[in-house]
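Below, chain A partners chain B and then partners chain C, in two separate complexes.
Coming up: the complex of A and B.
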């Protein structure tokens, strides 16, 4: 399997290198939204004496910089790609090879992150200096962030595949995935840090999987939660990863029987 | 519309011991929604959809022995591609059984996927943005092909398909014909024992069609691969297939030698006589059969198969020195196939 991954990785890097500018533009697009919210929250905080809840201007800067990094590391576009491939008949060849199609997606995701991480890092350092971001991160937070962001990426990837697999029935899943993404916009910690959401919204964020994808690893990296709280939140991540893993197994085995191989 | 009568002129193939492809009463029914045209119908379809079952494959049975190249014929919508998708494992059937190399295809066991290929003439399986040679390397790892075997296979395919430098150009920069050649190479790189070819020459120019045909024939000869081929180009079928299976509306109409298809389905022969003194002298040829065409001294006459030798002899005798050339042939295969489908449609609607 290592040899297969190495070969896929090489091919995907070669393909990605054909569209370097596009990769950078997508990365910038992913950063723009957190930066807009950062600017908005900084303005609101300043108008209210520099503090909202436990966050001052420098905390907001640190949170949204961490969030931008987490978005880049965990976001997966599988559902959109999957729908396109099913609709255009390009998924069928993958089903007919002795390798589960999910492995191609893993590699595509890894390559996307590898090719954008360095320019993103430069932008985030620039933002940190500009907004004088204050990180409360300790070595323990760094140690916890690594598994937390891996769990978040797994959760994002698996949930994306569960949604994508619905294309076996509907052929088009764009509306469903867009609805999912919009829900994530509210509940994942993008519009505001989870701690600043009104009570019911905060409860929903942590009762549903959304908060565990972005808000939790971003707060752990910023050092915004204690180590014990971080461990509890990571327990939630593990729970949702298991739920979506089991769901994917079930949905895949049923869905693949429904596949009508349109256009192929 | 379903009908239950026995296949027209079907030849029951004897049950032999070792079948590479063994299909029994295979069926596939799709549930499709349909609506009438117009805005009103569109709006109504949001609330209530009318669905109906379409029998794409309505219970077909056949066997293919090792090393055979079989033509799978039928008009558009006959169920050919659906059958190939089931046999390759892409689709689960609604009912019936199939085994290919003793595997149930739709279980998609890795051992089966390593033993077969499905090549579709209008679809790509290569990574669009990188040279095919790099995709070949990925496939080498996926199919776990030992390095020595991989090099030998690539060399053989490069030679047979005259790939040359094509494999080093990004796939998106290749012409349709060039891309089809590298698609063939990618699809066969793991040396499959069974190949399902769906319209492999579609959209290609005459020269490229011919090259692909030569390749398929040579590949079959060298590797003993079993091949089931669909094509709307009868030249493909004539060049490659001794046996054909004809289906229409999901039902098997004929399964037997290509050579017998004309005899069974078109009970006439075509006599073509070329006359020294041109078409003006052909007025009296109606007595020999149905004159189908007259052009520049060449007269084409259709006669019943059983009287063809006698009519030909009479023509030669009666025309004497006026006759420059004469030939007796089966009707073109396209005409035979068209007759099969037309007669089937007539029967169904009767």
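Coming up: the complex of A and C.
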């Protein structure tokens, strides 16, 4: 398995190195939305004398910079490609290969993250300086952030595969993924840090998987939660990863049988 | 002029017929539009649960702005995005020849040819949000009511000029999808007034990628916060951008050789 992964990794890095400009441009998507909402929250905080709840302007800056990094590390685009491949009938050859298609997808995502991390880091440092961000991060937070972001990436990856697998039945999952993305827009900590969401929204975001994908690791990296709270939140992450792992296995085994190639 | 309007109507009708073939898809797209608009309004409401004014914009003005954002974005996706994508494909395949040989302005024929009719629903939702926002603004004078559509048309024209200039690069580099992706990633910034952004971003959104202006100025006009001078500058700037982009397009066209030539 390790040998397979090494081969896939090399092939994917070679493929990705041909599209360097593209990967930098796509990375902007991970930066621009956090900056937009950061600017809005800074304006709101200024109108209220500089402080909203436990956040002042510099805390908002730190939160959204962490969020941008987390978005880049966590997001996977599988559902979009998957639907396209199923609809075009391009998925069939992948099914015939001896390796489960999910492994290609894992490697693609890892390489994408590796190639974008350095330019993104430069942009984020620049943002941290312009917005004068204040991080409350301690070494313990960084230790917790690593497993937390891995869990979040796994959660996002597995959930997007579960959604994508629905393409076996409908061949059009675009509507479903939009719904999912917009729920993430509200509940994942993009429009506001989870702590600032109004009561019911906050409850939903922590009861459903959304908050655990972006908001939780971002808040841990910023040092916005205590170590014990962070551990509880990571428990939630583990729970949802297990749920989606089981769900994917079920959905996949039923779905593959259901699949009849378009164009066949 | 009349001929062009008739052509536009024919283009629109054929594209409408095409889309009506996929009715379930149409319904799904409309549902998606409602979800997207609704969640964006939700985001604004969350922000305004902590304040009554954001940089001088109250909730009513902010909703008008969001509605303008979806009007401008909807216009881009209604006709510009599908047409420009087609145009770049024409350049790549060399089929632009067919458009150049027809007895109408090639720029017209290429840039306003394709429609995603369902995006009208997105624009309609934007209009609804504008109306809801306006209902919270006490009095709207005659000048505002006249200035608003003018400013909105200027916004559309600015986006058109920007996309025309960006896609012109296809004549030299063939594949410019990336430049278009750049536009789409910046587009999102239009959902807030351009004055909330830090200096460098505000300058970008007012000049090179004038999405900020295209959305903010119409909203300012209707909320009674723009003087006639500002509107005048917008009109002049829009005309300049349009002329400049068209000139650039013709310049690029001279480098077009056709794929098989």
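In this text, the second predicted complex is superposed on the first by the 263 of 264 C-alpha atoms of A that agree within 3 Å, B and C clash if a C-alpha of one lies under 4 Å from a C-alpha of the other, contacts with A are read in each partner's own complex, and residues count from 1 in each chain.
Here, a residue touches a chain if its C-beta (ideal position, glycine included) is under 8 Å from a C-beta of that chain, and two chains touch if they have at least 3 such contacts.
As the structure is a prediction and not an experimental result, all values here were calculated from the model.
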Touched partner set for A:250, first chain B, second chain C, both or neither: neither
Partner chain(s) touched by A:259 [first = chain B, second = chain C, both, neither]: first
Which of chain B and chain C A:97 touches, first, second, both or neither: first
More chain A residues in contact - chain B or chain C: C
First, second, both or neither for A:11, with chain B first and chain C second: first
Contacts of A:26 with chain B and chain C, given as first, second, both or neither: second
Residue ranges of chain A in contact with chain C within the complex: 21-22, 25-26, 28-29, 32-33, 35-37, 39-44, 46-48, 52, 130-131, 172, 174-175, 178-179, 182-183, 185-186, 191-192, 196-198, 201
Residue ranges of chain C in contact with chain A within the complex: 25, 28-29, 31-32, 35-36, 39, 42-43, 46-47, 49-55, 178, 181-182, 185-186, 188-189, 191-192, 196-198, 200-201
Complex contacts: residues of chain A adjacent to chain B: 3-4, 6-8, 10-11, 14-15, 18-19, 89-90, 92-93, 95-99, 257, 259-261, 264
Residues on chain B engaged by chain A in the complex (per definition of touch): 30, 85, 88-92, 106, 108, 110, 113-114, 117-118, 120, 123-125, 127-130, 134-135, 137-143, 170
